[in-house]
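Both complexes shown next keep chain A, but they swap its partner, so chain B is in the first and chain C is in the second.
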Partner chain A sequence: MEIELLAFGIAKDIFGNGIQKITVTYKCSIKDLKQELISKYPKFQDLASFAIAVNSEYQADDFVLSVKDEIAIIPPVSGG
Partner chain B sequence: MSEVKLNEEELLRYARHLSIPEFGIDSQLRLKNASVLVVGAGGLGCPLLLYLAAAGVGKIGIVDFDLVEESNLQRQILYTVFDLGKSKAEIASHKLKALNPNVDIVVHPVRLTVENALDIFKDYDVIADGTDNFPTRYLVNDACVLLDKVNVFASIFRFDGQASVFNFKFEDGSRGPNYRDMFPKPPPPDLVPNCAEGGVLGVLPGIMGSIQATEVIKVITGIGSPLAGRLFLLDASNFQTRNLKIKKNPNTKIVKLINYEEFCGQTAKVKTSNKQVKEISVKDLEILKQGHSKFQLIDVREAFEYEISNLEGELIPLKEIKEAVDRIKKDRKVIIYCKSGSRSAKAIEQLESLFPFDNLYNLRGGILAFAKEVDSSLRIY
Partner chain C sequence: MIDIKLSPETLNLESCNVFVADPAAGAIVNFIGTVRNETKKQKVLRLEFEAYEKMALSEMKKIANQALEKFDIKKIALHHRTGVLDISEIPVIISVSSAHRKAAFLACEFIIDTLKQSVPIWKKEFLENGEYWVSATP
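The block that comes next holds the complex of A and B.
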């Protein structure tokens, strides 16, 4: 299934775009999504430090995605 | 609440607060009785301090060991050209006292460390985190959790801002999520640039620091619902905002302060190699420059930095270095430098992982070290 990712901060640089479509398997978990992203974009290899929110709610690795979910990738920023 | 009263000057000064029905004298007195520690008097800290002092927070602590630099003036609105080279905490204290003499300002002109954090934090009701690096962010977070303090958080990068109220105490006594529930592990050091490397829109900390001030006032007065259990995200370039729900992660355990430099550096898996790049000191570079042996000097900073000051190296910005490999000599020593030595080390790692170079040397400490140890007339930024 095709899902849409919203990228924030440095994730936008990695995609080269704020919104990115990606094809994943049916019943894909956040953990699967992370693996898919790492294989497509090696720079995501430390995705453990990025937060993933589904429908405006932070979700852990075992959460299963559906096709209409809004998925946001939120890297931490440190500036002050 | 009634042992401290507002004097006549304060009644006039805070008139616009007092006439808000939800605010009134009670909230103003709560502010007067409260103490807030602002960690970092930089881009976020400046507006935060100004609004907290103007609002009449009784005691404000400022932690910052930095001196005012020219590159701060684009966003750190407490400082002017007259303050260059002076202590940020001292200057801030001076200006805040002039803004509101009713406020007690306490200056902590030190670097926040594992050794002093708990001792500094313990005397304040609320902590506001406006620091500029991951190790200190985790330190502030953990110290707040250990001491049961609310951590009013904001963070910025380029056009992006994040804010939240961490470790908030709800009416039932339970504590809201903290930074580690959202970001259990820090990113590898190479992945997320800081503002010095990646840049930041000057007005962005103005917006986010003001949001922090709003949340501090709400936490103290109990007005409205604070940004607890939520992370506010702003992308100022497209004006997109998001309010994400966050929750406590049962795996988050904070039992004591740890070595945060190590914690934030240890996960550096993206480092292309484990072997150290070869280095040269700034003094040895100066000797080379005076001598006759041939060498090539390469500057991997951005063009605007080169304009500010340079060591007469060839300019090849880090992001173009792989494509410009033909310009790098193979028959002599090649010394690569940047501002501090970190980008040049990355350049060498990239080049050595892709091409068979064995003649690349990193200038240890970069331009900053050169200015300090060899040529004090060199402009630093």
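The block that comes next holds the complex of A and C.
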């Protein structure tokens, strides 16, 4: 399935874009998505860490994504 | 009880204090974050803040609600800037009112510490030798 990713901070720089479409397997988990990202964009491996938010909530590695979700890549935050 | 704001405009301390004012309060504590002119012995020229706005607002609201549960406080204003900020400008204001000062001091510290860990806002430092997303790489 094709999903759309929102990217911020350094993730946006890695994609060269704030929105990136990516093809993943049906019933893709966050863990699968992270692996896919690292294999397609090896620079993700250089980050201190990155989280995935689904519909504006942080979700764990076993969370299964759906095409209707709003999915965002959250590199290490640095507000304040 | 809580006033959350994410704005590209200059933050206003007075409006935060007006919001948290309460007849039952004996204290208002403010935390004001300001842009420092150096980092790791390098001169900082300016900062730029980017936010995942919808989620940043919901995370800020969560933190404020946690603070209200955790501490004996009255009201909270939590305002954060986005966009380009020069040295000495204000990226964040936290105002907390409480009956007794200690709770408001503790709540302010809890709110800024938690915000820095979980709110999806990113800071880019513009230094003399280039620009870097803070904390992005180890």
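Criterion: the second predicted complex is superposed on the first by the 73 of 80 C-alpha atoms of A that agree within 3 Å, B and C clash if a C-alpha of one lies under 4 Å from a C-alpha of the other, contacts with A are read in each partner's own complex, and residues count from 1 in each chain.
What we mean here is this: a contact is a pair of C-beta atoms (placed from the backbone, for glycine too) under 8 Å apart; a residue touches a chain by one contact, two chains touch by 3 or more.
Remember, it's a predicted structure, so these values are computed and weren't measured experimentally.
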Contacts of A:Gly79 with chain B and chain C, given as first, second, both or neither: both
Chain B versus chain C as contact partner of A:Ala60, first or second or both or neither: first
First (chain B), second (chain C), both or neither touched by A:Gln45: first
Contacts of A:Gly9 with chain B and chain C, given as first, second, both or neither: both
Chain A positions touched by chain B in one structure and by chain C in the second: 8-10, 46, 48, 53, 56-58, 72, 74-80
Residue ranges of chain C in contact with chain A within the complex: 33, 49-52, 54-56, 58, 80, 91-92, 112, 115-124, 133-138
Residue ranges of chain A in contact with chain C within the complex: 6, 8-10, 12-13, 46-48, 53, 56-58, 72, 74-80
Chain A residues within the chain B interface of the complex: 8-10, 18, 43, 45-46, 48-51, 53, 56-58, 60, 72, 74-80
Interface residues, chain B side, partner chain A - complex: 40, 42-45, 129-134, 137, 154-158, 160-162, 182-188, 191-195, 198, 200, 205, 231, 233, 235, 238, 242-247, 249, 267, 269-270
